[in-house]
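Two complexes are shown next, each including subunit A; its partner changes from subunit B in the first to subunit C in the second.
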Partner chain A sequence: MTASLLRLRGLARKEIKQILRDPSAILIAFLMPIVLLVVNGFGISLDASEMKLAVVIEAPEENARGMLQAIDASPYLSVQRALSTHDGEAAMIDGRVRGMLVLRDDFAQRAGRPASWPAQAQLVMNATDPNTARILEGYVAGALQVWLAGQARERRLAPIGGIDLEYRDWFNPELRSADFIVPGIIAMVMTMTGTLLTALIVSREWERGTMESMLASPARMVELIAAKLGCYFALGMGSMGGAVTLAIALFGLPYRGSIGPLAAAASLFLIFALGLGLFISTLARNQFVASQLAFLTTMMPAMMLSGMLFDIAAMPRWLQFVTYAVPARYLVSTLQTLFLAGDVWAVVLPNLAGLGVAAVLAVSATLVVTRRRLD
Partner chain B sequence: MLRRIIALIAKELVGLWKDPKTRLVILVPPLVQVVIFAYSASYDVTNVPLGIWNDDVGTQSAELVRRFAASPAFSAVASFASPAEVRAALDAKKVAVVLHVPQDFSADVLAGRTAQAQLLLDARRSNSALMAQGYAAAIVGTFAQDLHPTHSPPLVLLTRDWFNPTLESTWFILPGLVCILSLIMSLLISALSLARERELGTFEQLLVTPLRPAEILVGKALPGIIVGLINANIVVVAALLWFRLPFRGNLPLLEAMLLLYTLTGVGIGLVLSSLARTQQQAMLGVFVCASPMIVLSGYAAPIENMPYLAELASRADPVRYMLVIARGLFLQDMPLAVVLGQAWPMALIAFTTLTVAGLAVRRAVS
Partner chain C sequence: MIEPIVAIDALRHVFSGARGASSHVALDGLSATIRPGMITGLVGPDGAGKTTLLRLIAGLLRPTVGRITVLGHDMASDAASTHAAIGYMPQRFGLYEELSVVENLDLFADLHAMTSALRTERVLRLLRFTGLGPFKERLAGQLSGGMKQKLGLACALLSRPRLLLLDEPSVGVDPSSRRELWAIVSAMLEEGGADGMAVVWATAYLDEAARCGEVLLLHEGRLLAQGPPSAFVASLAGRVFRLSVPTGERRAVARRAAANPAVLDVVVTGDALRVVLREGRAIPTAQELGGETLDPVPPRFEDGFIARLAPPPRLSSPSPRGRGAGGGGAASQQNAITVSDLVRRFGTFTAVDHVSFTVRRGEIFGLLGPNGAGKSTIFRMLCGLLRPSSGEAHVAGADLLRAPAEARARIGYMAQRFSLYAELSVLENLRFFARVYGLGRAAQASAIDAALSSFDLRGTAASVAGELPLGMKQRLALAAALLHAPGILFLDEPTSGVDPLTRREFWARIGRLADAGVTILVTSHFMDEAEYCDRLGIVSQGRLAAVGTPADLRARVRTDALPDPTLEDAFIALVQAP
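Right, the complex of A and B next:
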């Protein structure tokens, strides 16, 4: 036992020296997360503002002008007058505007006698981006409602008993997309950093044969892996702490949970990610294959299947099952809850269990593969 | 000269092809990613778990609740009687939306007063909350309309969604995947090419061959271009045959643009490769560059939403231009002039990066 501890200490010292000597580990652990977090955090924003809308008014008069003003006053829309539907279409096709609102020449006539002839406005949208199209539709409809309400007040029309639906958006009352996306980006960045730390660095050791010579030493394989995981784990936790600090300081996220569950989730997830990296590097014999596999198993699944951007509940059922195999999913859900809602154990505990299973699987798979590779 | 270049390209391609694992890694990932990601990338919401908190016993509120439950956007999974229950369920994500109907709802409706209702949303997923609000507003609007059939609405908004009338997410995401998967491949292959020779010490051997710097560059660039184009076309074929996307533009034009685009990817890869001493540094460079390139391109979120500096940075991103071209040619038969307007920045990026890489090789020779 003491011999084992002694060997472990020696191995750890070797790993630390190696990390300090080769800047790439430090670069992966600190430079990469910062770059990724800053670029992704500012780059992925779903808060639409100033969406460009062309407005075609075939017969300019009071009603149409009033409506144009109402739309222009919306903070979400930026109106550009177009002389004809033809011009509007051209602007829409080459992407200068997202959509076009057309008021036909009978708009005034109809708007003057709403009871018998509902006035019509036509909204044509470039739906190559369906999400943006739907959001634009919502903003235009909202601006028109504001205009109609103003009209009704002006004409002193008796309100016909409508229904007033009030929205209360919990946890994120302003619906800031950064509050929703940045926790996901932390998860994505940690998947990449954790896996790359071991995948790239250890695959080079395999390629150069230094891994085999280590395994030929009296150190046992478990000790070797423990030493490697331990050192990179410390590095990874450091970068996780940096990422969380950056999220709060730079992006102004609230943090409503406590530190304990965050540390637990981060540790389990890092063990998984580092284990996955070791597994990949052992399986792939060269750095090219290792880097491809790391890319394939980390960045894209973490971005597309973790619920960081796209709602898992809206995916087809078979794909929802696939997402259970993406540990980033558990981390994203935990982080979103800890940042925005607080220590909700009903959400955090099942996710921690998922992360635990992932960590155990990744480490045991590494042990199995390394053993087989030596035979 | 041509013979020499062909020999160098053959050497590079054989290097990629002879290892079965490398071969697999070039061909399988694009296929897997197309299938999985095309189905996952939707901002839409369906079957949002809905809780009902109805304090009203009248028929009007029952009708409103029935309409919510019948909508494909929501599925009613729970009902509550107290705020504490609602809070617990929203916290634990048992429901994402709660419809609260106060006690006097039916009475207000029958008396012709404006009736109040509340929608409580879990906005941890802000985009889904926004979508759910839209669906709820539509349901409530129709309901209010039906309550007073004699009052026709003062204004009707007719919407038409051009180019993607049924708002299919796959139509949006697949042209993006064409760009991204080929980018990752051409970047990686070219970034590793020079760095590998340098790490293994074979770069010097290459330099003493009769090959001129330009020829070395062409030989190093072509494998990345070829593999990038193959990957892009795997996605194009899958999009057209499996996902049944329309293709309204000009196919040769798309291929020409893809060629230019992979050239930019290879250019960036070669610059990274010439800066890196080891394959590992080259790969790190790829990882650090690829993620911002994807994010800033407008693949996941519109460029207009970005802050000014991010928007500015995105102008140096070839993916941004190719994305417009790919979406435009698949869905809307984009006119040639618009395509060319997006093409020249890519040409500029390709020219600059390849020149820098060429200079680096020449410096190594002398």
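Right, the complex of A and C next:
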């Protein structure tokens, strides 16, 4: 065995024993993904279901009651009768309902003869969260549309609007936000385990002076980095496998792609994350600063700018450009595509290229910084 | 002429300041050689540049100016090929705490690509040498400080390096482990013969320097001298004396003797004084110096260091404030600190085990013991920072268990690394501490004014504390601890690692405080500090192994084989006694 291989073997053995004997490594690699997935997967929900809506009908009569039933039949809405606009307002201020639908006393009359007078209704919404308000608006309008169409069929009238829109939600037909968020969380978990773990482990080596004795030994920098990256790569891939399994088993996500591109994206991203962790800990050499830096440089951008929570296309143009510098973006997009759509190479390949560039940059930056040793 | 292993030529190393801070010259104008077959002591106080020099020799830093060659290789460009021949032990052991003793050794064997036959032989040999054989399966993190140090040494020695670099291997280790470390290195050195290994042993302990084959004496980044230890003291022959003094007056006599123009240096050792005379001066009589008899003694390495620093004749400065000022003979009968049956447990581990002692008012009492013996735990309980599990402690008349805050108000505390705010100026630090101690506006002004003059800080009042030299920081920390004129002063290893001049100045102040009636409690693992104490308690494994004056403790272990034991000898013997 050559000297270099012997050294590499010794270093790798050391890393493995350290991982096995230090509970914090196992915790970060396996427990943290589970906690993050469960908390965020169930906690962050962009679905709107059973939204409470107060309905005020100023002149109760048959026609209005029918409409009320139609709205209540929608799975997204739950109707509560309010006796007056005053009552409805109070319910909105208390937060008991998200919105209030007011039907004037001549509503039924006018709705019966739409050609002469358009019927009028007022929808008041709690718009503190504009997204939810928009969704509510859509659901109410949709429910009204359904009811009107029903009315028209009943009276054998032609529908008022000329176009009959039919909706099909592709890739996520049930409109479940978990399907969209969980792949993003897997990316976040990989960022955390990859970068945080190495940043902590290596800065601990600096703190305890072991890095100094390694640097003064015949081991070369490339060997030190290779042993570290190799062992934590295996750990990170294990963590990734666990997270994907959990996503499918616990959240019932579909997986429509194949294993190859998933493995490629995960590997490239891990190399980037581990390299960044090494880079940070070499600069910081202190566990506390390293963990702060790891958090700020990986977790925050991964959450905000990767498209995991917020749609990149909806961001201002300059910010969209910034997201290209966040490697988590490529992983999130790849994972979402692989999970929900399948092997769409036109999306996956450019993302893999982005991840490859990030990995090369992170590892070479680490090599440059550590080559200079203690200065 | 044996070829030197290391040649250092006109070395200068500057650390460029981060965040716009001024750059710092760590080493300047240093030329030296390190030869095989002996231990070269790299001696100097903290901040002298020892660690920087070792890292430069190991090729971990690149010199700003100058050149270092190790075994013919320039370390700035060719460090990698030399590392196989270097064994380096950094200050914090450089061990993997999650790996066992054997696994650590195996790792270093792998790094040096040792063959399995050679590896087995070397590991066995080093385990035997270090006495770590019975503990070889134990995790390094669970070893005691002394054992960690030995394991670190074994790892550095494993590949039979031509150059062994040891960065303060004996710091914080108990005296018996310290001697064992020295014995291991000496034995390994003999194994190789005269053309074998070169050893660089960095240390702040001046007594270790005397045992080295050659010494590089560093002070503030400069090489004061290089040579065998005997050369350092050659010029002092006939200038060092032991002055016996009446009991209880040694500090007063020391002050009187120091004022004599013929005297270069005076230190308290046990019940006598050690006096070093200036070059070319007539020998004064014992009576002139205020003592009883004056006997010549052989010079020590420390005397050589002092002579090289050549301090100017000392001016007597006014006595610092203390609540007990003017206290008469009756006062010294009172006990300022009474500790009875003090116990502190952490889980199942008993850190302090039924410790009892008393300290009289105006006395300097030392708790002496290695790191981990329980000194700090006792100390924290006496400061009211930690509740005792059982037992009683009265400090300055206040019961620590019932009124810790009241007891704390009467205590001044100076932490090991001087708890100062590095970003504040000297004056701002003093103002802050005065406010923290709750002094009124007028009292603040007068206390700060008095502190500035009695601690010679007026000239540096506007300087930022973090940039002061070590000795000045120490003065400031002491001034801050005394602002509220406490009756009791707690000092935590106050002078470990400072140069001997600063140490003398510090203890002279402490002596004056004690004479003014302030009670002083010191913890230390440093024998030189212990010499300044009136009485000592030796702490070992949570128990008080012995209490007495330094002279008492020495007398207890005096045998025919050891007619003049040092305090370190006494320490080792008393700790080992059942």
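Methods note: the second predicted complex is superposed on the first by the 363 of 375 C-alpha atoms of A that agree within 3 Å, B and C clash if a C-alpha of one lies under 4 Å from a C-alpha of the other, contacts with A are read in each partner's own complex, and residues count from 1 in each chain.
Heads up, the rule we're going with is that contacts are C-beta pairs under 8 Å (C-beta built on N, C-alpha and C of every residue); 3 or more make two chains touch, one makes a residue touch a chain.
All figures in this text were calculated on a predicted structure; none of them were measured in a lab.
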{"item": "Subunit B versus subunit C as contact partner of A:A265, first or second or both or neither", "value": "neither"}
{"item": "Subunit B versus subunit C as contact partner of A:A91, first or second or both or neither", "value": "neither"}
{"item": "Touched partner set for A:I186, first subunit B, second subunit C, both or neither", "value": "neither"}
{"item": "Greater subunit A contact set [subunit C / subunit B]", "value": "B"}
{"item": "Partner chain(s) touched by A:A3 [first = subunit B, second = subunit C, both, neither]", "value": "second"}
{"item": "Touched partner set for A:A226, first subunit B, second subunit C, both or neither", "value": "neither"}
{"item": "Which superposed partner A:V202 touches (first subunit B, second subunit C, both, neither)", "value": "neither"}
{"item": "Subunit B versus subunit C as contact partner of A:Q18, first or second or both or neither", "value": "second"}
{"item": "Which superposed partner A:L144 touches (first subunit B, second subunit C, both, neither)", "value": "first"}
{"item": "Common ground on subunit A, meaning residues reached by subunit C in one complex and by subunit B in the other", "value": "none"}
{"item": "Subunit B - residues contacting subunit A, complex", "value": "19, 21-22, 25, 29, 32-33, 36-37, 39-49, 64, 88, 90-94, 96, 108-109, 111-131, 133-134, 136-137, 140, 143-144, 147-148, 151-165, 167-169, 171-172, 184, 188, 192, 278-281, 283-284, 286-288, 290-292, 295-296, 300-302, 304-307, 309-310, 313-314, 324, 327-328, 331-332, 334-335, 338, 341"}
{"item": "Subunit C - residues contacting subunit A, complex", "value": "55, 58-62, 80, 83-84, 86, 88-99, 103, 106-113, 139, 155-156, 165"}
{"item": "Touch list for subunit A against partner subunit B, complex", "value": "24, 27-28, 31-32, 35-36, 39-40, 42-52, 92-95, 111, 114-116, 118-135, 137-138, 140-141, 144, 148, 151-152, 159-173, 175-177, 179-180, 192, 196, 200-201, 204, 284-289, 291-293, 295-296, 299-301, 303-305, 307, 309-311, 313-316, 319, 322, 333, 336-337, 340-342, 344, 346-347"}
{"item": "Of subunit A, residues touching subunit C in the complex", "value": "3, 6-7, 9-11, 13-14, 17-18, 21-22, 208-210, 212-220, 373-375"}
